[in-house]
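Residue numbering begins at 1 within each chain, and the chains themselves are lettered A, B and C in the order written.
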Amino acid sequence: MAHLALKNVSKSFGGLLAVDSLDLELPAGKILSLIGPNGAGKTTVFNMITGVYPPTRGKIIYDGKTLNRLKSSRIVARGIARTFQNIRLFKSMTVLENVEVGMHCRTKSGAVRALLRTPFTLREERAIENKALEILEFFSLRRYSNEYASNLPYGDQRRLEIARAMAAEPRLLLLDEPAAGMNPSETAELMQLILKLRDTGITILLVEHDMKLVMGISEIVSVLDHGQKIAEGLPAEIQKNEKVIEAYLGSGRKKKK
Amino acid sequence: MKKIAIVIMCVALIAGFHGMAAAKTLKIGTLSPLTGPYAQDGTDIKQGVLTAVKVFGKLPGFDKVEVLPGDSACDGGKATMAANKLINSGVQVVVGAYCSSATEPAQIPLMDAKIIMITPASTNERLTQKGYKYFFRMPPRDDVQAWSTVQFLEKKLKAKTLALIDDKQTYTAGLTANITKFAKKDNMIKIVAHEFITPGDSDFTAVLTKLKRLNPDAIYMGVYQPEGSKMIRQARKLDMKSTFISEDAVYHPKFLEVGGKAAEGVYLTFAKAPDSPERRAFEKTYKKMWNAKSIGSYAYYAYDAGMMTLAAIKKAGTADPDQLEKTIRENTWPGITGKIKFDSKGDRKLAHIIWVVKNNKFVPYWNPITGKDL
Amino acid sequence: MTSTGFILQQLVNALFLGSIYALIALGYTMVYGIIELINFAHGELFTAGAFIGLIVLSALQSVGWVDSHFILTMVIVFAMAMAYVAVLGVALEHVAYRPLRDASRLAAILSALGMSIFLSNGMMLSQGVSDRAYPSIFGAEGITVMGAKITNGQIFIILLAVALMVALQLFVHRTRLGKAMRATAQNRTMSRMLGINIDQTIRITFIIGPALGAAAGVMVGLYYGAVRFDMGFIFMIKAFAAAILGGIGSIPGAMIGGLIIGGVEVLWAAFLPSAWKDVTTFTLLILVLYFKPSGLWGQGDVEVRV
């Protein structure tokens, strides 16, 4: 059974059809990359999956249940986490705190318990901290745990975003242009990291412009253009696909003709 | 149909107004702070006038007497607006206002409109020095009050040093200015400090600590009751040794209630209240009418202002301002605050005495005119 | 009185007043931090706390608890006032602010002003227009250090205010919900993506801010001896100035801002002509904002350091 499935999903904003009857299947434990020119509707797909807004038509099914009208916070609890194109760290919180906040939906202590400092709360808070440190270790960020997030080098901030998303213990991770702004060596490191995450059993949906990264790690590549899926297949197939080439270089080519 | 309905309504409205005019109504306005920090005193004034109207009963020549309360809020602008509103509602007499800084600007439209204005509370002497024909004042003036204070400090307390505190309002600043003037003239008391507070503030420890270090023989609190009550509590907590003396705006049951033990031993200037059956009858009626445990100082003056107005209209047989003014000025009226007789400026010959707080009560202490204990 | 004693006394006076301002300022800053709204009704919530404290304390005094169970009485008085006002705060958010969360800022501000007038008038009608005397719990007893007199009441109130502020700092930095609150203040969308229940976080803010204001209200009643329906106004202006001075949205900013405003007010009146006290306080505010428009601790952008 497919882990995540989009069935005939459309989204329109006023008169603009951002996503048009999209079908997408993401098998469990795989890395699927969603590519396409700017404005193709990739981020819209991410936003619909994570409940920023509901699809206009169609169904989003995760683990056999529809996600359509769920709030973002409920969707995270179901096991879907994401990162954003632009870095959205809590800049004036420490690296450790950023990860701890990421674990919010997996922990319980309410206001009353927090104020009363019950043994449960204290135990839970200690557990949260230990777990957060483990995650930072995995992402090689532990040495920064008490730094403000805004003080980290750019590449590390990107990694911290993924670490924070992983703190929610997702089974599906949505990465929106994780390599944006990274230098080649940082991108190479990121590739290794994503593969390492996949190896822990996590399904990954990736939106990325860096073709080297996409072709290097994807198991499936789907191509969107003007809200429609124009191609899907193995990286090698996609690279040779005429339609894809046209979509990317389209207008320029036509002019040359 | 709609048009006919509107016409009928208009006719009904006009008929209504006409009917009201035909039924002869005397309208007395009150001006006092009904909102803000001094709302207690303001409410006392309004209730005092209402009590007078109730007690006086039927006024010959009028079908009914109506009281229109205006909110002067201890603010010149608001008082002027409230005064204009009362003028537009057709009042013939206004009892008010409370703060001198509100009374002064409100005088202008009321005097222009030839409306008799009787203040039950404003004591700044300037108010009766402008030659306003229709203005009368029930309580004694601040220069009299300041003189009484200085007499007490010099002759009874034998104070050598004095510190002044005021809240920069017309009334309080007038008092401290007069005290300074009289003290300088006699040259027996040295004024060692003059400090200021802001009306509405709660914390006066900074100023009090400053005065504690100077340790003057006496400290004058030129403030209103809400600030005075809090100030004396803080002074006692600072273990200040100076004698505290204050004035008629602090002379209020609330000062005893909020001040509690801290208020003990504070001296205050307030007109002497003669004990009379009428006064006791008023107190009984007032407490019953307003379900009140204690009576604010200005309710007495407001009651007298109301009673005198009604008696004068009865005697004159009209509410015409010129005749009413003449009648008020030419006669001596009975009152629960003493006999009421106005001089040409509209002031009464009323003297203050010194009161002291003892066992949570205001007790007469010393008479500055005779120089004798009471 | 020695000079040292005088200075010490004035510092105690400043610390006391500053702590009260700080507690009230926290309510403004926390609400602003989380929903970018100035809760103009906060001054009324503070006053409501003072009245609840008065009612509960009078009741307990009439049965003699103040003398027999002093600590317990204080706990009950503060707890009841804080709990009641917290409920009021949550109701306020639900009724007046939540429906306008996506509306224009102006609509929310008008709603806040409306609630302020509504609550103020409600208290005027139910509690009367004049000063209500608080039972005298703390007398003039206290300790004298180098000529400076510190009363037991001042010690109690300063300690309690500090304890509440420390507890707040621990809450926002050490607990799961506190971190969620800071995260929401910094980036609401991202926080929602991380599974934080934004409504719940806002609700908690509207519990803590008003509860701290209520505690300040009871303190004012206990110490100054009287409460009145409109007493929130002057405190509101000063506390609001403190929150702005410290950088609105910043919790440490509100605390320091409160101490600065209280300090300037007291120390100016202590050493310089007292007539200029308020002018100075607000001139200082204007100067700080001129050189650092986001306040001393402010971040200058929508992100807020808590």
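To be clear about the criterion, a contact is a pair of C-beta atoms (placed from the backbone, for glycine too) under 8 Å apart; a residue touches a chain by one contact, two chains touch by 3 or more.
Computed from a predicted structure; not experimentally measured.
Engineer: Using the touch definition from the top, how many steps at minimum link chain A to chain B?
Structural biologist: 2
Engineer: Count the touching C-beta pairs: is A-C or B-C ahead?
Structural biologist: The greater number of contacts lies at B-C.
Engineer: Closest chain to the protein CA centroid?
Structural biologist: C
Engineer: If you average the CA coordinates per chain, which chain's centre is most distant from that of chain A?
Structural biologist: Centroid comparison gives B as the farthest chain from chain A.
Engineer: Centre to centre, by mean C-alpha position, how many angstrom separate chain A and chain B?
Structural biologist: The answer is 74 Å.
Engineer: How many angstrom lie between the centres of chain A and chain C, each centre taken as the mean Cα position?
Structural biologist: The separation of the two C-alpha centroids amounts to 42 Å.
Engineer: Could you grab the centroid distance between chain B and chain C? Build each centroid from C-alpha atoms only and quote it in angstrom.
Structural biologist: Once rounded, the distance between the two centres reads 36 Å.
Engineer: Per the contact definition, I'd like the list of chain B residues that touch chain C in the complex.
Structural biologist: Those in contact with chain C are residues 34-37, 39-40, 42-43, 168, 195-198, 200-203, 205-207, 209-210, 212-213, 215, 225-226, 229-230, 233-234, 236-239, 254, 257-262.
Engineer: Quick one: in the complex, what on chain C touches chain B?
Structural biologist: Contacts found on chain C: 1, 6, 9-10, 13-14, 16-17, 124, 129-131, 133, 136, 139-140, 142, 149, 151, 153-154, 220, 224-226, 228, 230-231, 233-235, 265-270, 273-275, 277-278.
Engineer: Can you name the residues of chain C that touch chain A in the complex?
Structural biologist: My answer: residues 171, 174-180, 182-183, 186-187, 189-198, 204, 207, 299, 303-306.
Engineer: Can you check the complex and tell me which residues of chain A touch chain C?
Structural biologist: Checking each residue of chain A against chain C gives 50, 52, 71-73, 76-77, 81-82, 84, 88, 90-93, 97, 100-102, 104-107, 109-111, 114-115, 121, 124-125, 128, 164-165, 168.
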